[in-house]
Amino acid sequence: MIIRPDNREADELRPITFQPGIAPHAAGSVLACFGNTRVICAATLEEKVPTWMRVQGVKGGWLTAEYSLLPYSTLDRKARDISRGKLDGRTVEIQRLIGRSLRAVLNLEKLEGMTLWIDCDVLQADGGTRTASISGAYVAAKMAIRKFMEAGKIKEDPFTDSVAAISVGMYQETPILDLCYIEDKDAAVDANVVMTGTGRFVELQSTGEEATFSPEDLASMIALAKKGITEISGIQKRVLA
Amino acid sequence: MIIRPDNREADELRPITFQPGIAPHAAGSVLACFGNTRVICAATLEEKVPTWMRVQGVKGGWLTAEYSLLPYSTLDRKARDISRGKLDGRTVEIQRLIGRSLRAVLNLEKLEGMTLWIDCDVLQADGGTRTASISGAYVAAKMAIRKFMEAGKIKEDPFTDSVAAISVGMYQETPILDLCYIEDKDAAVDANVVMTGTGRFVELQSTGEEATFSPEDLASMIALAKKGITEISGIQKRVLA
Amino acid sequence: MIIRPDNREADELRPITFQPGIAPHAAGSVLACFGNTRVICAATLEEKVPTWMRVQGVKGGWLTAEYSLLPYSTLDRKARDISRGKLDGRTVEIQRLIGRSLRAVLNLEKLEGMTLWIDCDVLQADGGTRTASISGAYVAAKMAIRKFMEAGKIKEDPFTDSVAAISVGMYQETPILDLCYIEDKDAAVDANVVMTGTGRFVELQSTGEEATFSPEDLASMIALAKKGITEISGIQKRVLA
Amino acid sequence: MIIRPDNREADELRPITFQPGIAPHAAGSVLACFGNTRVICAATLEEKVPTWMRVQGVKGGWLTAEYSLLPYSTLDRKARDISRGKLDGRTVEIQRLIGRSLRAVLNLEKLEGMTLWIDCDVLQADGGTRTASISGAYVAAKMAIRKFMEAGKIKEDPFTDSVAAISVGMYQETPILDLCYIEDKDAAVDANVVMTGTGRFVELQSTGEEATFSPEDLASMIALAKKGITEISGIQKRVLA
Amino acid sequence: MIIRPDNREADELRPITFQPGIAPHAAGSVLACFGNTRVICAATLEEKVPTWMRVQGVKGGWLTAEYSLLPYSTLDRKARDISRGKLDGRTVEIQRLIGRSLRAVLNLEKLEGMTLWIDCDVLQADGGTRTASISGAYVAAKMAIRKFMEAGKIKEDPFTDSVAAISVGMYQETPILDLCYIEDKDAAVDANVVMTGTGRFVELQSTGEEATFSPEDLASMIALAKKGITEISGIQKRVLA
Amino acid sequence: MIIRPDNREADELRPITFQPGIAPHAAGSVLACFGNTRVICAATLEEKVPTWMRVQGVKGGWLTAEYSLLPYSTLDRKARDISRGKLDGRTVEIQRLIGRSLRAVLNLEKLEGMTLWIDCDVLQADGGTRTASISGAYVAAKMAIRKFMEAGKIKEDPFTDSVAAISVGMYQETPILDLCYIEDKDAAVDANVVMTGTGRFVELQSTGEEATFSPEDLASMIALAKKGITEISGIQKRVLA
């Protein structure tokens, strides 16, 4: 049996909270905490669509996500993207993943002519920043949508389902749920799973960096993820109630 | 029953070939063709490691992959990365995926002090450019390694297994193998699977852009992918014999 | 007599607080609030000096400050610096000002071989973000220094004095203290004053954008600033006690 | 009593001249010399306003200033901005200061639909390049405006006053006027003052890099600056007569 | 008498071929081979003109050329332009030369409202990549034009003549034709000559890097070039027949 | 017979002068005037060689040239390179040409370990800015070399010859010398010729943008250029005497 750094069971989530109102100028915002991982998630509305939609004449609205590690979120200070002159590959992948995950549960037609911006800025990084970002972004976006509906800017709720995400991995040959940083660093396989509140997959990314994994490993990781996401969906529901 | 644009069965690959020697100045090179998708894959060796390895004092060697769509590879001319001033997110994701996939079957210690560069330039794009790139890159890299071993630059073969990749998707609610461009464009779910010649997973990415998928969809896509990769591994083996 | 939007007296500060621990991975951090203006101020230590110091053989240590408006800090979402590709002129000016202000009360020799990084990220902007940043940065840096002294990384406290900053302006021909955003937007003259806890000037910047001001205006603005900074210095002292 | 490198009195300006016609293709141009500091100041008109004015629907015209140190203006050759890839912080601050200073004495409404470009390129740098730039830019701009009025492009003179600038500093505990490079390098406090011909302040920036200053220091520096600017305004008037 | 690395006569071309269809998604494409130098030349049509033509109201169409060395085309791997962040000077010169050379034999009025894009990507570099590019680009462009005329997109052939290019040089004091890489590296003088099929000059660039040349050297190089271009024009004609 | 805008004979140069001392901080500097074309040419010495020489272990010294059009040098203000973010192709070509031209008459071994920087900034552009730059740069560089020899920094004069440049063109079917802007704009063929004081070619670039030229045209342009360069070499000699 495996002993985790914080004494959790293999299938146990860290304490998860979504604290509303961290950024009052945003239409919706939460501080999403998965254990020591803390992410500012904010949703704002821009009353125009991206250039490529206008150029191509695409109808409906859009959702764009941006993600950054604040310089003091990591144990060694991380240089800002602007100091390095460009986004690193990891950041690009994460913000594309956040965007796809939220669009999968959005009816973009109901955002006609508008862009919903999702910003995720990591205040403290301890593993699972992308899954905390997706799970928190849904709460912030839902809050923003309610505000726009009250203000009459949007007529119907464009969300068709809720969405949440969790990491799973193979650590010392055991499948574990919700990896913290030191587990993530040593895991042979790392998977991120995004699912809806109704139990359908949105995205599944499973990677063995300098390692490989068997079909059985995959099956057990997926089962764990499903359990974790069901719990997160419940927390989201309570916060939004 | 589904009718595919090129009359293939749902579980049938396009004609796949790897033609060696397309770029004679590279240590290993092939033109990888998956139907009309044609990718130049080349492997070259640089006798130093990336700066981050030197700075952090990491031992062993490295493999870096780069990917580009040549401007005339798409139906509408695609502007070069340098004209746009930066890599787009899709390109960054693909070149990171190619790199991880090859490193998963490489013992980097046996490349001590060296970087193996993998370049994948798409000559014609008709769906599946990333899977053709990974499958062709393995062949080019293996050829290059043989050349370095003959020349005494490398003592032992660093490859621990072969690697290949294929796309699968849900198209008109049917799982299909090796999507061409018009299938890819319309598929509700798109997955890319990377596996070794011995049948272990390296990477699994399954995405429902503006859609979701069930556990059953996932299972049937994985089964198809496994069938396809077994066939590609066989073709790789014959080319390298 | 002037009526301010929040009913303050002309010489009255907004409620000012410095909440410690907002970013636990930083050596020192506070959430600095000047009314609705909220800035994350964090101090981290890097055990090397900037390249220019090494190249020129300059002795001692250094302090570098960076500043950003988080995208959701303003009423209309502000694009990230990295999306625009470069820092705007205002950001460059502010981060240079924060750096100079803190270095003025630091004995850099006592930071030999090290760089103290100051990061100021604005969570909510309502006027005075640069003065909140300087005032909060001092508290965060002082906390960080204490931690390094306890850990034995630094032998003596390099701070020679405390430092704080406040804005003053001419608004409807009256000098006022600590301008909020709507006052700042309409003020004919805008000044930022940085002073030490012992009452010496560190920096004085007074600007009449599309306007000019008399020597009398200047004198009354300086007097107001002095009063405000004395109060802020007291709050800093209590937080650090 | 202080002895200055060029034997000037503490309150004495260097020889100041503005030689017209250095760049004949510009509408107005002067070579502004403050002792050995020599700056090419040129004014040109563009018959459109910046994008942000068009987008925001702002009425009137605009004035934009750009500043550079030519590579051979300093004792050690300075790399061009384009070689470094971006403007350094000092350059950004100076060109913003030049722009604000000239706009403070311009009625922008009278430049309706036009942008007046001010270019300041330093041919030789020996301290005070920003104050020579502002003082010379006013002369060049005024010459250009006269030309446009003669040509009927502008109906009324948009200038409401003249503007000039000078540096002052605390050097060996004495306030001195118009610092040359070796004084500037060693001064504990450095201030730049911009005033109109009628004696009103436009901008006051006083900085103690790694030092602080007292209210008395500030008062004596301001008095010196006022004396210097009065003299420069007289020289400007004679050149323009 | 001179002995060339590949035993050619001083006035002898390398084997020259133009293989059509290398990039099937382009309107016209050839693999141009001058000995071991191999260049992918592709022509595509964009149904708009460059921004500067629209802004300035210039009539007619345009032709733009781009050139790159693929990373594996050289003996040591060459970093991609996008990795270096900008085009190097040599690349800029070559793509400008290719563009001017083709525009010299094009009646741009007959391309009204369209841009013909020429892309030249070097697969293997062994000297003379720019001359192979120009000569191959003409063939690819002519093929594309025929396709557009058949499709009715263009009414009349805009080409007024054919165009081809060759290098000549002074090597061991002897004028030689069509330099391969090791000759080019050691030649005292290097000239590139672009001529039409009817024997008129389009461009002549003769450079003595760290060397000079006499009028007699120039005359004999021009005579050789003329001989070579006549032969290449014949090959082009046969391929296009 | 042709009538030129300034009534010159077809084979007549504009008034040409080189005024020393325009940039006193440079080791050598002249204002080079070819009629209304005025270029600041400055030479400075850096006591290190470019990175590529150090990396490749190349012996000797180097000469690097940079060129810019100052924004007010053209009739319509030209945006600075840094505002556009990159050098345009024309600038890259010109600065490479200036560098090659001067290196052709330099024995780089005698600059061991040093880089001679040549900066050419155009104050007024009226055709022939590159030929004025080369001709003036030689004078500035020669002055700088003398200064370094007097100071003992360089032992022997590295110059092996002088160098000058002139433009020629076909204008209304007549070959003309030293084109001013309006001739240059309308000329069918434009050639730039660089020659040494002893009558050898350094560089010959002849271009027919959207036009072609005959061998006879080329011969008559070369003869004219030779005449012009002989005259410029004489002027250079007198200035340096």
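The first chain written gets the first letter, and so on, giving A, B, C, D, E and F; residue counts start at 1 in each chain.
Following the convention adopted for this analysis, a contact is a pair of C-beta atoms (placed from the backbone, for glycine too) under 8 Å apart; a residue touches a chain by one contact, two chains touch by 3 or more.
These figures come from a predicted structure and were not determined experimentally.
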item: Any chain in contact with chain A as well as chain E; value: B
item: Farthest-lying chain, centroid of Cα atoms versus that of chain A; value: F
item: When chain C is superposed on chain F by its C-alpha atoms, the rotation angle in degrees, nearest 5; value: 120
item: Equivalent interface positions on chain C and chain D, same or different at half; value: same
item: A-C, C-D or E-F - pair sharing over half of the D-F contact pairs; value: A-C
item: Centre distance in Å when chain A and chain B are each reduced to the mean of their C-alpha atoms; value: 27
item: Inter-chain centre distance, chain B versus chain C - centres from mean C-alpha coordinates, in Å; value: 51
item: Chain centre separation in whole Å, for chain E relative to chain B (CA means); value: 33
item: Chain D, residues touching no fewer than two other chains; value: 86
item: Chain contact graph, described as a line, ring, star, complete graph or other shape; value: ring
item: Successive chains around the closed ring, taking chain C as origin and chain D next; value: C, D, F, E, B, A
item: Of all residues in chain F, those that touch chain D in their complex; value: 22-26, 29, 36, 40, 42, 44, 46, 66, 68, 70-75, 77, 80-83, 86-87, 117, 119, 121, 123-125
item: Complex interface listing, chain F residues touching chain E; value: 86, 89, 92-93, 95-96, 100, 103-105, 108, 161, 196, 200-215, 217-218, 222
